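Next come two complexes built around subunit A: one with subunit B, the other with subunit C.
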Partner chain A sequence: MAPLVSRKTLIGGMTVIGLVALWFGLTTLTGLVTGARFPSPAEFWFSLKQINGRGYAGSTLASHAVHSLKLVLMGFTVAVMTGVPLGLWMGWSRRVEAFINPVFLIIRPIPPLAWIPLAILWLGLGDAAKILVIWFSAFVPSAINAFTGVRNIDKPVLEAARMLGTPRWRMVREVILPASLPMIFTGLRLSLQASWTTLVAAELVGALVGVGFVLNMAQQDIYPGMILVGMVTVGILGWATTVLLARIERRALAWNVAARD
Partner chain B sequence: MTSPPLGFRETMLLGLAGLASFIGLWSFLSGSGIVPAQFLPGPLDVASRFIHLLTSPFAGATLPAHLASSFQRYAYGVLLAAAIGVPLGLLMGFFRLLDDIVTPIFDGLRFIAPIAWVPFAALWFGTGIGGPIMIIFAGAFPPCLINAYRGARFVEPRLIEAARMLGTPSSRMILEVLLPAAVPSIIAGLRVSAGLGWQSLVGAELIVAAAGVGFMMVQAQGSVQTPTVMAGMIAIGIVGMLIDILLRQGEGWLRRRRGLES
Partner chain C sequence: MGSISFRNVDKVFGHGAGGVKALDDINLEIADKEFVAIVGPSGCGKTTCLRMVAGFEAASAGSVLVNGRPVTAPGPDRAVVFQQFALFPWKTVRENIELGLRNKNLPIGERNDLVAGALKLMNLETHVDAFPHQLSGGMQQRVAIARAYVLDPEVLLMDEPFGALDAQTRVVMQEELVRLARHNPRTVLFITHAVEEAVYLADRVAIMTRRPGRIKEVLDIKAVRERENWDSHARIEDVMDLESFVHLRTHIWKSLREEKGFKDV
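After this line comes the complex of A and B, so read on.
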């Protein structure tokens, strides 16, 4: 007879309950961890109410979150729209690869976050600088994985398509793109992760609105409750976008047996 | 394999053409004044500033000194991540209870970008050396844990069964069966960790630090010294690349030694 809940869920649930109890115990009950180090549940709740009602760092949590989400989606989209086609092209043509690869090799070792000061110099503290930095950071994983995807296509598949006289455009649309799609999605996942990291960093360095800005203000005000609110928001946003991408992936790759498990 | 590989000469020529057009475009944009040289200095300006920074201090130290203090934090952070992540991953791969307890916590924290730990890191450990180390740790920890865990989980069951049949105690099982079998996976994880740690370091230093390359770049940005910012980017890129090359060599050496590839 199968148990009502799996062992995993049971232990996981108990862990979460245990952690909350530990949190409550260490802060409110015993005061071992003071509010200056880590907020108690009550302080966290108070901060959450404050930012949702009166607002903090210029606006409410919802508008900070929406602003950050918008920037990530815009930067991510620009990166994917440029990175994937370039990667596919480099995978398709050895000439293009040979031409672009050395430039890639020079630029790639520079961590995305290192572009932040330059982006601020060029475009200031507004949205444009953030989108630029997200683009730089999310572009590379998209391009590299699309490239690998094309290179890993079974040679017989391409030869068969070519032998049957498939025209160029149909070749790209019906052979190359679908065959490299699993790798492309791997790249998109990495790009999305990079987008969030870069945006939060860029907003911490300089911004006027956004979850990173909330974190920055809370740090300057030495306000642990609000820091925790900011971190939880970052986590939820990152989780939600990842889940959304996974949904899209499952739908796009419904034909792919390997991706099903 | 889409088209036949190019010959060596053609690859070199095309590569050089690519580099030349990149540098040419860069020089053209800054030289012609389309982009003000203050914001986009030419390649030569950046190179000469780089050389200048090697000996004369900016933001309190020379470039090598900044790099040294960055690297020190980096080494501490990555070593700490490996020292905690690898054993924990192995234990999780062996004891299912520990796995079931740690996994939900880990999954919950996974979606928080490492850089979002900055405010707490600054609050708990200050902005000197402790705070940045914690950020590097947050960036480098997950791959250490995940790869050690996977390595331990996917050990050939026959090995574990044989060892168990011979009455091997748990401690020896972990040290003498799981650990050696998981080494390739662990090393691959360490390489990823090293890269992510270096990234996190840069982020941490941009926000909280009083020394280091990231700090130097923020200072230069504040006083609109674009060549210094770009020299910093180059320095970070070079060190990151060296770290990656060294670890790749180490990984290759280890794999060869264990007969995994010839």
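After this line comes the complex of A and C, so read on.
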């Protein structure tokens, strides 16, 4: 019989408890780290209560978090909806690859965060600028991995589909897309990470609401407790969206041996 | 109808001085419903012959004809069974077998009947909803053969179909293929490097030289098989013990060994 909690979960939980104990020990218990550098658990708890109750930086934690989450999901979706089809197309057609690849080669070395000033200049401090920057950063991993996915398709599988007289659109939908799906999901994971990184950076630089804005305000207020609240929030949101994506992946790739553990 | 003709076929891979001649003046006529196996040393271009009939490669010179018409592209009239099965891992057994029929736009009722027939033919009824990775290699190749047979192709192209299987499975599949070929004959081009397999399965065996591959000799197995009544033996090992079988096998072995002798000894 399988135990109620797996060994892995148990060890993971113990690590977290150990870290919290260490945190408590270094701050409250011994005072080795002062509150001006890193908040104690009590200060963290106080900041959390404050932002959930009265609010901070214009609104409550929930509305900051929901706003950030919404932007990430929108930017991520736009990036995936454009990046994956383009990657598939480049993978399928050498001519398309020849056209698009130079653009990639020029744009790729530019860090996505370097687009932030231009985006703000074009679109201001609102949501549109952030979605644009997320799109820039999350688009590339989606496209490149979809491209690699198509190029790595087992050649006999494609030949079998051609031999069976598979028409063009069915070929894309039922052969090329599913065959590339494991690589596409690798791209989506990287795109999701890129989306969070870019969003927080964009909100740090210029925003009026959002978790990155909370971090920015807390820094200006010299308020370590609130900084930690912002960091933990981003961590939890990033983790939750990653877990969700992994669930979708497991479902979509049920046929794939490599994806099963 | 399903005849195959190779007429003065050359195949060169690459261009100019860097080009490698793989096939040299291949001439071979395969009649409708005839089972022909090609054996030859590795790298002699036997698989290339099959790939040209399938439409995956074009001849550099000469012509490859099916029913007198030049081959231009792959198509379901020339079903291929690949060495590595080449199933669609994301499709179930049924979906794999069904794809070619859907491509032909057959109505669903007819489709289901044909799939059911193919499943029964290859003893796959209990694995209809399995994914390929849940099946053994032998089972996967059964699916691939069912996927080819269900199309009722004029020509069946088998590229070392049992090469990736273990010895026992291989024997079972060879016996099944004989059963299929005798009861439901059609034109088969069968590529193998296993001499016994070729003699056991084929009506005629074509022996190729090392690269650049040429047809060295074509042996009429069917005449011997019918004269010595091989098919009265249910088991492959009984056939392989017959003097007439051993004689043919040894002949082909010697012929192939001469080819290898140029290089290996």
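The rule is short, and it goes like this: the second predicted complex is superposed on the first by the 246 of 261 C-alpha atoms of A that agree within 3 Å, B and C clash if a C-alpha of one lies under 4 Å from a C-alpha of the other, contacts with A are read in each partner's own complex, and residues count from 1 in each chain.
What we mean here is this: contacts are C-beta pairs under 8 Å (C-beta built on N, C-alpha and C of every residue); 3 or more make two chains touch, one makes a residue touch a chain.
Note that the coordinates shown come from a computational prediction; the quantities given were computed from them, not determined experimentally.
Asker: Using the superposition on subunit A, decide if subunit B and subunit C clash or fit.
Answerer: They fit side by side.
Asker: If we overlay the two complexes on their shared chain A, which of subunit B and subunit C does A:Met183 touch? Say first, second, both or neither.
Answerer: So A:Met183 meets neither subunit B nor subunit C here.
Asker: For A:Ile144 in the superposed arrangement: first (subunit B), second (subunit C), both or neither?
Answerer: In the superposition, A:Ile144 contacts neither subunit B nor subunit C.
Asker: Which partner does A:Val175 contact after superposing on A: first (subunit B), second (subunit C), both, neither?
Answerer: In the superposition, A:Val175 contacts subunit C only.
Asker: Once the shared chain is lined up, is A:Val234 touching subunit B (first), subunit C (second), both, or neither of them?
Answerer: first
Asker: Of subunit B and subunit C, which one touches more of subunit A's residues?
Answerer: For subunit A, the partner with the higher number of touched residues is B.
Asker: Taking CA centres, what is the subunit B/subunit A/subunit C angle in steps of 10 degrees?
Answerer: 90
Asker: Tell me which partner A:Leu71 touches in the superposition: subunit B (first), subunit C (second), both or neither.
Answerer: Touch status of A:Leu71: no partner.
Asker: For A:Pro156, decide between first (touching subunit B), second (touching subunit C), both and neither.
Answerer: A:Pro156 contacts subunit C only, not subunit B.
Asker: A:Ile100 in the overlay: touching subunit B, subunit C, both, or neither? Say first, second, both or neither.
Answerer: first
Asker: After the two structures are laid over each other on chain A, how near do the C-alpha atoms of subunit B and subunit C get, in Å?
Answerer: Result, nearest C-alpha distance in the overlay: 11 Å.
Asker: Please write out, lowest number first, the residues of subunit A touched by both subunit B and subunit C across the two complexes.
Answerer: The answer is that subunit A has no such residue.
Asker: Could you list, by residue number, the parts of subunit C that touch subunit A in their complex?
Answerer: Within the complex, subunit C touches subunit A at residues 54-56, 73-76, 78-80, 82, 84, 86-91, 99-100, 102-104, 131, 133, 147, 151.
Asker: Subunit B touches which residues of subunit A in the complex?
Answerer: 7-8, 11-12, 15-16, 19, 36-38, 91-95, 98-103, 106, 109-118, 120-122, 150-151, 153, 155, 158, 193, 196-197, 200-201, 204-205, 212, 215-216, 218-219, 222, 224, 227, 230-231, 234-236, 238-239, 242
Asker: In the complex formed with subunit C, which residues of subunit A make contact?
Answerer: 154, 156-157, 159-167, 170, 174-175, 178-179, 181, 254-257
Asker: Write out the stretch or stretches of subunit B touching subunit A in their complex.
Answerer: 1-6, 10-11, 14-19, 22, 39-40, 97, 100-101, 103-105, 108-109, 111-120, 122-124, 198-199, 202-203, 206-207, 214, 217-218, 220-221, 224, 226, 229-230, 232-234, 236-238, 240-241, 244
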